[in-house]
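By written order: A, B, C, D and E. Residues from 1 in each chain.
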Amino acid sequence: QDIKIGIILGFTGPLESITPNMAAGAELAIAEVNEAGTLLDGQTVTSIRADSTCIDASAATAAAERLITSEGVNAIMGADCSGVTSAILHNVAKPNGVVMVSPSATSPALSADDDDGLFFRTAPSDARQGVVMTEILMDRGISSVAVTYTNNDYGQGLADSFVSAFTEAGGTVTINASHEDGRADYSSEVGALASAGGEVLVVAGYVDQGGRGIIQAALDSGAFDVFVLPDGMVGESLVENIGSGLDGSFGQYPGTDSPGAALYAEMASGAGFDGTSAFSSESYDAAALIMLAMQAAGSTSSADFKDHIMAVANEPGEPIYPGELAKAIEILKEGGEIDYVGATAVELIGTGESAGNYREIEIQNGVIETVGFR
Amino acid sequence: MIVVENLHKHFGGFHAVDGASLEIRQGSVTGLIGPNGAGKTTLFNVVAGRLAPTSGRVLMDGEDITGLPPHALFHKGLLRTFQIAHEFSSMTVRENLMMVPAGQLGETLWNTWFRRGAIAAEERALAQKADEVLEFLTISHLADERAGNLSGGQKKLLELGRTMMVDAKVVFLDEVGAGVNRTLLNTIGDAIERLNRERGYTFCVIEHDMDFISRICDPVICMAEGKVLAQGTVEEIKNDERVIEAYLGTGLKNKIVGTTA
Amino acid sequence: MTVNLRNVGLFALVAALFVITGMTQSWNVTLTIFNMGLISAILALGVNMQWGYAGLFNIGIMGFVAVGGLAAVLVSMPPVNDAWAAGGLQIIFGLILGAATIALAIQFWKRMAPGRARALGMLVILVGGFFLFRAVFDPAVSAVEAVNPAATGYLGGLGLPILLAWPAGGLLAAGCAWLIGKTALGLRSDYLAIATLGIAEIIISVLKNEDWLARGVKNVVGLPRPVPYEVNLQRSPEFVERVTAWGFDPVTASGITVKLAYAGLFATVLLVLVLLAELALRSPWGRMMRAIRDNEIAAAAMGKNVTKRHLQIFVIGCAVCGIAGAMMTTLDGQLTPGTYQPLRFTFLIWVMVIVGGSGNNWGAVLGGFLIWWLWVMVEPIGLWLIQSVVAGMGPGMLRTHLIESAAHMRLLTMGVILLLVLRFSPRGLIPEK
Amino acid sequence: MSFLIGENMTGGYGAADILHGCTLAVDKGKIAVIVGPNGAGKSTAMKAVFGMLKLRGGAVRLDGEDITTLSPQDRVAKGMAFVPQTQNIFTSMTVEENLEMGAFLRRDDIRPTMEQVYDLFPILRDKRRQPAGELSGGQRQQVAVGRALMTQPKVLMLDEPTAGVSPIVMDELFDRIIEVARTGISILMVEQNARQALEIADVGYVLVQGANRYTDTGAALLADPEVRRTFLGG
Amino acid sequence: MDFLNALVVFANFVVVPATAYGAQLALGALGVTLIFGILRFSNFAHGDTMAFGTMIAILVTWGLQAVGITFGPLPTALLALPVAIGVTALLLLGTDRMIYRFYRKVRAAPVILVMVSLGVMFVMNALVRFGIGVNEYRFEDGARFVIDARGFREMTGLAEGLAIRTTQVITIVMAVIMVAALFWFLRHTRTGKSMRAFSDNEDLALLSGINPERVVAVTWIITAALATTAGVLYGLDKSFKAFTYFQLLLPIFASAIVGGLGNPLGAIAGGFIIAYSEIMVTYAFKRMLTHLLPENLAPDGLVQLLSTDYKFAVSFAILIIVLLFKPTGLFKGQQS
């Protein structure tokens, strides 16, 4: 009998350029498990993709309905954008009692939601990141920043939490302005940001969306030289596309000093995709968690394994890194305990969302270098 | 009935109507002639509220009606036809006529939902009336044809037919005759006279066919270059030097008119 | 109402599509699509009123759907008392101030003689009013948005049953439409279109950025439902007993039950609207509208008040869209301003109307069902197509590339099907007679 | 043998036929005038001759050659010109551009012809830079005829060229048509100003319900009291 | 108190970007307006036509770069442009033959054609994604700046910098040339006039011996040239991404309409109006005023009329206001 995992991401729509790498991440984990062939005594896992469109709640609901009631998936890896995620959760996953693990929905509202214990996310909470970012800035002696965020719940949540943390710590935010993804031109945003001034520009956006457009325009017009890059902005494609102009910019993204991220990036490039692309590693971890929890519960039924996700993700137990899923299955089979670390140093807290350990990075000579952990 | 006072209508720098003053007397069939581009249609358009005048006034029964919208003028009993036919092309000929009367019960949404019976009765009456008009215009067989498919002349007849659907006070006819068969035009002329006599309609008729004008119009006003050139009975106008020079000419046509009339 | 065999056949065909989906996929999937199909049909009906009856080219549908959605939040969510205390009344006062400024400016413009003094005076009023408005409004907004931003940060709603939101959505949309119509209906065809499109974008901007109103991009989730929750049904022994007795799985049955309940509500609304629309269309009112659409100049000369009629139909059509918008938000259970994209909420609806047959209510309804079904089903269809293509292919670059691009088949399939339908019935499936 | 002949034409727009075996012919340098009640099928017959309507029966021959299957465009190339009854000008283009479009297929110098048109219709010279859609009804008609004259055709087909044209211009127009015919161009026209038209016609057709009712010289038709009463308004 | 610096700030953040963006919009709008002017429908596939043309240009550019051909200080993509135009023209002609021609024949209403173009849009959308994927590509080479901010500061000794990109200059020059050429072509050449005649009255055009197929073909070819050029220049200046090109459609349509549909000059004017209004209304004048005003008067706030959140809304609001006063656009456009 087959295990089916649905991968619901916005393959068309505004996030279409990052979703392929996210899906590839999840499928990499699935392939790894199948390779081992030991999950639940040799069951194979198949994945089924579906398009959440990121923005169309109705279409996403219909797609999820199809995955669950027609294809009969055992769990869902997804969705990506918070709006469609909560629509799917409430309209399909909950009624049918199916576990959802989202790699990228970060809306704080989702934590407060009544989810029947079915919803988890490997993306860290926005609130935590704001604090970490503040610490980094303060340590660098920067006290005045301009902030721009992508106008969705991720961007706004992150910007809000950062602004409150930063002002509390004594810093000044000269402007806190949104930008829309996928727009043709960001001159007016950059104009306003430049006019407001600030030592650096915090860009709470997506690496190949408006965030990059803003940085490009800011560099071109000489408005800012240094940028602060939160998780959505850290990715190879940024450095590739912008180049040396980014040198000196810094930021943070989820990660510990565990070697997970590097391992994952390597595996990804081995499989032919960019593992550093936004939320790709979170996707790998989401899929891995689902499968490991199944193994731990010894069941493919959501009602059974939903209670094991926290346990496999957190201590105590043997730390598990990307590429070690076979080992993890082995341990679980023998009744042992694991602490899934994965590519993003997963640590689930509260109702099941990533605690958020962060890796501080800086761009030097066109390379993203890790300079510390927080 | 209708008094036009020192009316001007400018298009950019061009003065299409340039200080025209005229009166259409109650109960008359007034002819309006003049060379192409004299400003006749423009004058109609201003009177009927389609165009706002640059300056000047239009009075109806002593009331200033300048600048009133066309639908308001319709309700005051002022009707017009178009030189270039404006049929409702996707509707049938009968529907073209039935839509004309104002204040139909069924034009209110509420009634369409809750007073179906009354509407049905009204519709029957309207349809009958429309069929009478079509009969008169000799196009009964086209009642259910799409108006867009009519021949050029038939469209002109339909234009006229619409004005016959209601009780008008004053009707402006802009070249109903152009493209209409002359035999039929005579019948139309008779109808105009009859409506004028029996129902007391006042008419103002633009026409280039002098036979037609001669038959039914008194008085006749001749416009040229946006102004009133001459005014009088048909005979006076026909013999007016200025009118002959600007409009009638002395060519072939008049010879024929002379020999056959 | 003549029943035409071909039309019945078309409806049967679309019904068959749904049934086949139900049998090959699952009834839950079918019903999910069907429910949105009902809403789409209502939307198409609204657009058809404006375009099909009166020739108004409105591509701002998205805005009215969103306004309907907003109504759902404002009616059904519980009020946030802290937020009201923090600055609710001040916000209202600010808004009144803003409205008063505009009203004053308009009155001023009307009363004064044209000239530089008028322009200047108006400018002073507007600028002064703007700053006054911002001075009152901005602090209140900050105060409200600071109230527990993660969960609320807005004023909340009235806490009434969500079914009331449907007529409320219609009314709110009608109100907006009236304001817009008063100003913009002088425009024609494509110019009107882009103006309405712009207004829709403005409405969405407001919805996204005015967090005090409906939480902006943070979304309002967990709207109350007019129907029971599936989980509650599953927990109800009575329900479980009954459905198991009928041989159903309780989880599946609960999903179907809930969806059928929605379907019943939506279908009622749709049927009532279709009935009213049909009665209106097949009456002198409809004839007058068609006359106006055919030739405004002649209609005006025949005593029809074109402006007034345009406004009437614009408001009604938008109200219908507003009702549908409120229904859709109810079905989704959340208001997601980011969802409102012109492609999905305006152009797709237009496709429904045109493919169905503009000017014909039944056509619009049919188009609504068919196109929505396609919009959802092109994904698996496209996937299936690509799989059948690569099935015969050996492994290789092209094969991988095609499989990776499978998601884009959705767009391709949609495009091709749209073109095919339009090719074989260019006047729509059920044309205006 | 006639220069242009539409023989036994049968056809219509949809299912029902409008034309029932109608025949129209004109000799080189002659003027043929078609009259008849409204809706008789005069315009339809003209369109049929010009290939804008599919015929179910009959044939159209130009100078002995069968052109029944040619497209309107090809007929233009063969030297035919047509002024339709309605929508016969380019409203958004200036008067001068309208005339230029008439001469679209000509490669020689069109200035002299244009001057001739302006001489014939002086008002058009004043309005040459004005969009034709802004002209008065009669002026439009003049533009339409002018456009056709610009073609320098071998056959000129006119559908009610004088509708809405003032008497003085109408006289000019008829004069001019006679002149044109004298240069060897054949003229086929529909007229409701039938008495004036038949006066100058070499041959006249009375069309009723898509079929020929009377065919004779213009003068003979004018003299026939029955024809006068029923079709020419007495 | 420094007038020059204020001026430079304004130029750098308002004038230069708005002018370049305006020119980009204008080039796109020209294509839309041409199709509307001649074929009489609003072509929703235009954004994706631009994307398709740009995709070809990128592929060719990569090819050229691979064999070592570049264009000196100018972007190599300009060399690839003619090829891209050619391929796009073929695609459009093929589309016309297979799809649009039928609707012309049955004389479908413009709105049907709009829906058809929506279908074409979906297909082209997919073509581009199949062809090059959904990722973002930079394909610009050559000199990026005519003058950059740092260079300007060093050169002039001013506190503020001014940056002008090569692509911005090229775009503006191209836009001016293209509109002039198009205007001249439509007004003064036989083919151009025949195209206008065709759009005005198809039947009568036929009666004048105008070959409709030729008119249509020429229209599509010019459209291909306009769309590809616009797309490539935009991509050079910003970057190429299929989704963004689709999103460009709205401002492009807005530009074409506010200028008056069917009028090339209107497209240009419209592009600049949209661009300037987007940028001006949401611009924060704080920095400029800090330079202009004495220190004690320097503003605390941003001195911004509306936050950038509303930039799209504002440009549409301005568009609506313009239309209220000029119901068919600034340059008296056509109506369908």
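As a working rule, a residue touches a chain if its C-beta (ideal position, glycine included) is under 8 Å from a C-beta of that chain, and two chains touch if they have at least 3 such contacts.
Going by UniProt, the chains are B, D = ABC transporter ATP-binding protein; C, E = Branched-chain amino acid ABC transporter permease.
Keep in mind that this is a model prediction, so the values were computed, not measured.
K.L.:
In this assembly, which chains make contact with chain C and also with chain D?
P.N.:
Common neighbours, chain C/chain D: B, E.
K.L.:
What is the distance, in whole Å, between the centres of chain B and chain D, each centre taken as the mean of its C-alpha atoms?
P.N.:
28
K.L.:
When the centre of a chain is set as the mean of its C-alpha atoms, what distance in Å lies between chain A and chain D?
P.N.:
A distance of 76 Å separates the two centres.
K.L.:
What is the distance, in whole Å, between the centres of chain D and chain E, each centre taken as the mean of its C-alpha atoms?
P.N.:
Each chain's C-alpha centroid was found; their separation is 47 Å.
K.L.:
Please set out, as single numbers or ranges, the residues of chain E touching at least two other chains.
P.N.:
129, 134, 307, 309, 312
K.L.:
Pairs of chains that touch, anyone?
P.N.:
Those chain pairs satisfying the definition are A-C, A-E, B-C, B-D, C-E, D-E.
K.L.:
Which of the residues in chain B come into contact with chain C in the complex?
P.N.:
Where chain B meets chain C, its residues are 48, 50, 69-71, 74-75, 79-80, 82, 86-91, 95-96, 98-100, 102, 104-109, 111-113, 116, 119, 122-123, 162.
K.L.:
Which of the residues in chain C end up touching chain A in this complex?
P.N.:
Within the complex, chain C touches chain A at residues 24-29, 32-33, 36, 149-151, 208-209, 216-219, 221-222, 229-231, 251-252, 254-255, 258, 328, 331-334, 336, 338-339, 341, 344, 375-376, 379-380, 404, 406-408, 410-411.
K.L.:
In the complex, go through chain C and note every residue touching chain B.
P.N.:
These residues of chain C touch chain B: 276, 279-280, 283-288, 290-291, 293-295, 297-306, 312, 432.
K.L.:
Can you check the complex and tell me which residues of chain D touch chain E?
P.N.:
Against chain E, the touching part of chain D is residues 50, 52, 71-73, 76-77, 81-82, 84, 87-93, 97, 100-102, 104-105, 147, 151.
K.L.:
Spell out the residues on chain E that touch chain D in their complex, using ranges where they run on.
P.N.:
Touching chain D: residues 190, 193-194, 196-197, 199-201, 203-211, 334 of chain E.
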